[in-house]
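Dropping the structures in below, format is structure tokens.
You will see two complexes here that share chain A, one where it goes with chain B and one where it goes with chain C.
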Partner chain A sequence: MLSGIAAPAPALDFTAEEERRILRHGPWPPALLPDPSNRVSGKPAAIAFGRALFFEPRLSTSGAVSCATCHRPDRTWTDGLPRSRGQRIVDRNAPGLFNLGFNRWFGWDGAQDSLWAQNLRPLLDAREMGVGPGGAARLVRSDRRLSCGYRRAFGAAPGADDARIFVDLGKALAAFLETRVTGRAPFDDFRDALARGDAAGRARYPAAAKRGLRLFVGRGNCTFCHFGPAFTNGEFADAGVPHFVEPGRVDPGRHGGIRKLRRSPYTLLGRFNDDARRSTAAKTRHVRLRQSNFGEFRVPGLRNVALTAPYMHAGSHETLADVARHYSTIDEERLHAAGERILRRLDLSARQRADLVAFLETLTEKEPRRQSVEKTGNAVCR
Partner chain B sequence: MISRRRFLATSTAAALLPGAARAAGAPMPIFDAHIHFSHDAAERLSASEAVAILRKAGLKRALVSSSGDAGTRALHAAAPGLVLPSLRPYRRRGEINSWVDDPSVVDFLEDRLMRFRWVAVGEFHLYAAQTDKAVPRRMIELARRHNLLLHAHSDAGAVDDIFAQWPEARVLWAHAGFVDPDIVGPMLGKHANLWTDLAFRSEHAHDGRVDDDWRGLFAAFSDRVMVGTDTFTPERWHYIAEHADWTRQWLTDLPRGLAEKIAWRNGEAMIRPHLAQLR
Partner chain C sequence: MARWRLGGPVLAAALVLAVGQAAACPRPEGWTGGASIAGETWTAWWRSEPAPIPVGAHFSIRFHLCGPPVGRVGVRGWMPDHRHGMNYRPAVTLDGLSGKAEGLMFHMPGRWQLILHVRGAAGRDKLTAETVPE
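So, the complex of A and B:
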């Protein structure tokens, strides 16, 4: 899996500026605070209930599709497909579900401003699960096990307000998904060795990964968008990736996402935010729709990236090597020349592209937690 | 030339103009001054489909250029009253940065100018450090000989240089130079034959409200501003209608007369002296 790990690296040869940039990608994992907009964030009963909901196919109109259909725990919480198939094929790639608690926006287009709102989207979309507020509320009220789980998570039996129950399901799912934080990766060991001046620790990092890391923080300027410990700035970018869904139909990306956000009743500005102070809602209040948002998609975090192929918002790149080639030969004329260019054609050699991939492979957690999921959800209520 | 002080004073007065004008009945026509129909767009849309998109968006006119001019010619042939053809010095994508040093671009321009009729040259990318090169100099000479508008994606220095080379030039400054009103205003004040399009700009308006600084600019130079989509990727053809609607929305925050000027009247007035080239 980690193809470059075996080769010992020569002595450290990063400049002080490169070291400064590398150190900003850690330490890992950072502290994860409960989400103030979700009153059950971090609560064990909600986590257990959310886990049960995640595998619950009756939350789809067909009774055959659950969250786990597209986010398979045995496939790093994605499905390996370019564009996922719930009840029907959708427009975008299913991302792996981990490190979500660190996100600012959710979905490739950022149409949701909280993890709990993001969890409602597939329940509303007929192509995915489509059960909707009424169907979801009826199920929770009528099913003894789910009703019990709801009561344990929220401290009261499901009431008469369908919308409230529906949102609470999103919040329980969020409580569960927040727990999905990737483990430490070989890069973290290198980064921490660098931080403490541990020459032996640094030397254990493979040479190819080092060369790739130098490209990542240097000439490639990848770290401009793939910033910080999660390797994302949490915002949106036009990476020059075509965004036709099919002939005559375009995925508008962030432009459409902001428009959806503004129409949604499930935002941090609405009545379902459990935080009366709206302390995390400033981003939603101040977001502006810009012409440049058309064709922008969320910058994904890169931890475990080697396990989540295919890549980009619609899975247009099959392998990490393809992604490296994309940035190496990027069509600059797809990127509007307004101000300083962030992305430039890199013209990397084959070895440089391989080095970049070798670095990305060192972001894979050393011990995937695939086996930690209890698929039945029976731990909630029996 | 307008001074910075006069520009700011005019801006303040303009901000006090009476209430917003609202479009009534039919959607306000739009003169879209920044459309490209390059080869990759033409591979996905036939000329008739592209024209249908322009008409559905309520465009009155579209200043169209292409990388490889076949797309422009096809659109103009399909809708000569709608499409205003502009000749780009690019034969294909990928020449934005290289054309200024490529003498064969001159042959291309001379050939196309001889064989077809145009209202403009552009949109071309030209910056101050490049304006003295032989190829852009020759392009400007050709535009002068054929009485063509110049559609320049340029910094302010390059715009100054174009007017230095050809004082009677008529220049459409793409994207308002991607600079703020405190730079755009003095440039418009300095050059009487300079117009500007707002393509790919968002700073001037949000949520249907016009920014105060831009409002001042629009009032001070009410005859010199227009709008544009900039279809620099094939996907953006499917954004033309949305851009037109967004434009109409923020224009309602301006007095009706000013809104109509920005929406289409300024484009019509700018292009009128060049329409004879199409006959």
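So, the complex of A and C:
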């Protein structure tokens, strides 16, 4: 077909139960509320300061690596590598940085319970940036532009407490990153047409995507984990992916993440939470460590998933077709499921796998949303 | 063990069917919602906050037990079709026969069981309610 106009998709009626499941993946975008644990969440001066910090290579010990090294804006805020390389190669894949404000846990292992704490992790890890609290605080105090940005964001000049300045950098970065919400995707138009009974709107959604969507909410059981408008339940799962980092060394995943969380001074239960009521700390207070957490990794959201290859926590799958094949032929013996029965070998045909990919591709935003930092201009000091 | 979903007609059926296994248990004063579950020794009324139970968000429950004195109550969630529990350990506070459990989360859509493990001088009991988070 050379006309460039897609033919109307043949009718594919979803059952009432399928429609109910589909409707739960919207509407998009949901309201994003300021993070009460971060006193500068949503504040334009902090967003601008955070943006400047994101591209600041002096926050690495080599002076050559910034957040943007692994989270490149021109590559959907990831780097396209299986395992990322900061100052050295790390164990995991760099996820695209968007829709972070909707997350419950941060990092593939959920070792951080807030976006601001997550932003501190690469600054502490020598393989990534490794500048640490002292180095970061010295830089902000001594650099005129960064010092001015800090003052505008936080209402006071950087003080003598290195740890406080360090955490504030995480909070400014969080203020910037939480503005990154993906725009509406073709799936959202279909979902909303379904919600309002708009037959013409429904018909515009490609037939292959509809068939893939039916698999997603039905036989594939994908919605148990990839639930809700962001297509993640925010928790952790063993997807049957090998978690050997190298011979003799495994990535413990969520099991290690919870142990790190409990040792960290940068959690919602600690002194750096700006919310005296600890209103978002229930997850941290009640999280439970189990043996089955070993080999579990965070369930990623699927919006813009077609733009963020490679996939899985260590980038072991190059394409979405590989991921569909993985779930189709999954080796149930490899799962550390401790008797759980969620993942089952799907035995999808080649066409069904292609349909699933066609659906996932409709989760790509049509046009990136304008971010608030662009609306407010660059308020950082010069 | 009785299994009920929250809701008007289902709740009415629950009230009828729950009778006879354990002590009769009137709805706690001031409650407008909730459901009743019965074990061998104790019967309980429970309700969630918020109601209905959301998928993937923390919630708490209040409960009131009818029967002999209670020493300890444990609360857990279980997804029978998947054979897994919750990722969070709720904290239970008990005041006589009434209590509250905080920090629960049903992290997947589908059928869940809310289970009260009751202990007292009269023995142990397991009260199970079935519910589908919305």
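Everything that follows uses one rule, which is that the second predicted complex is superposed on the first by the 358 of 382 C-alpha atoms of A that agree within 3 Å, B and C clash if a C-alpha of one lies under 4 Å from a C-alpha of the other, contacts with A are read in each partner's own complex, and residues count from 1 in each chain.
In this section, contacts are C-beta pairs under 8 Å (C-beta built on N, C-alpha and C of every residue); 3 or more make two chains touch, one makes a residue touch a chain.
Everything numeric here is computed off the predicted structure, so don't read it as measured data.
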Practice problem: Please indicate which partner A:I342 is in contact with in the superposed arrangement: first for chain B, second for chain C, both, or neither. | Solution: second
Quiz item: With the two structures laid over each other on chain A, which partner does A:T267 touch: chain B (first), chain C (second), both, or neither?
Solution: neither
Quiz item: Once the shared chain is lined up, is A:P252 touching chain B (first), chain C (second), both, or neither of them?
Solution: first
Practice problem: State whether A:E333 touches chain B only (first), chain C only (second), both chains, or neither. | Solution: first
Practice problem: Identify the partner contact of A:R288: answer first if only chain B is touched, second if only chain C is, both if each is, neither if none is. | Solution: both
Practice problem: Based on the superposed arrangement, let me know which partner A:F244 touches: chain B (first), chain C (second), both, or neither? | Solution: first
Practice problem: Classify the contacts of A:E235 with the two partner chains as first (chain B alone), second (chain C alone), both, or neither. | Solution: second
Quiz item: Which partner does A:T223 reach: the first (chain B), the second (chain C), both, or neither?
Solution: second
Self-check item: Residues of chain A contacting chain B in one complex and chain C in the other
Solution: 288, 292, 339
Quiz item: chain A touches which residues of chain B in the complex?
Solution: 44, 67, 93-94, 96-97, 125, 153, 175, 178, 200-202, 206-207, 230, 232-236, 238-239, 242-243
Self-check item: Touch list for chain C against partner chain A, complex
Solution: 55-56, 58, 81-84, 86-91, 102-103, 105, 107-110
Quiz item: For chain A, which residues are in contact with chain C within the complex?
Solution: 21, 24, 223-225, 227-228, 233-236, 282-283, 285-288, 292, 339-342
Quiz item: Considering the complex alone, what residue numbers of chain A touch chain B?
Solution: 242-244, 247-250, 252, 255, 288-292, 294-295, 331-334, 336-339
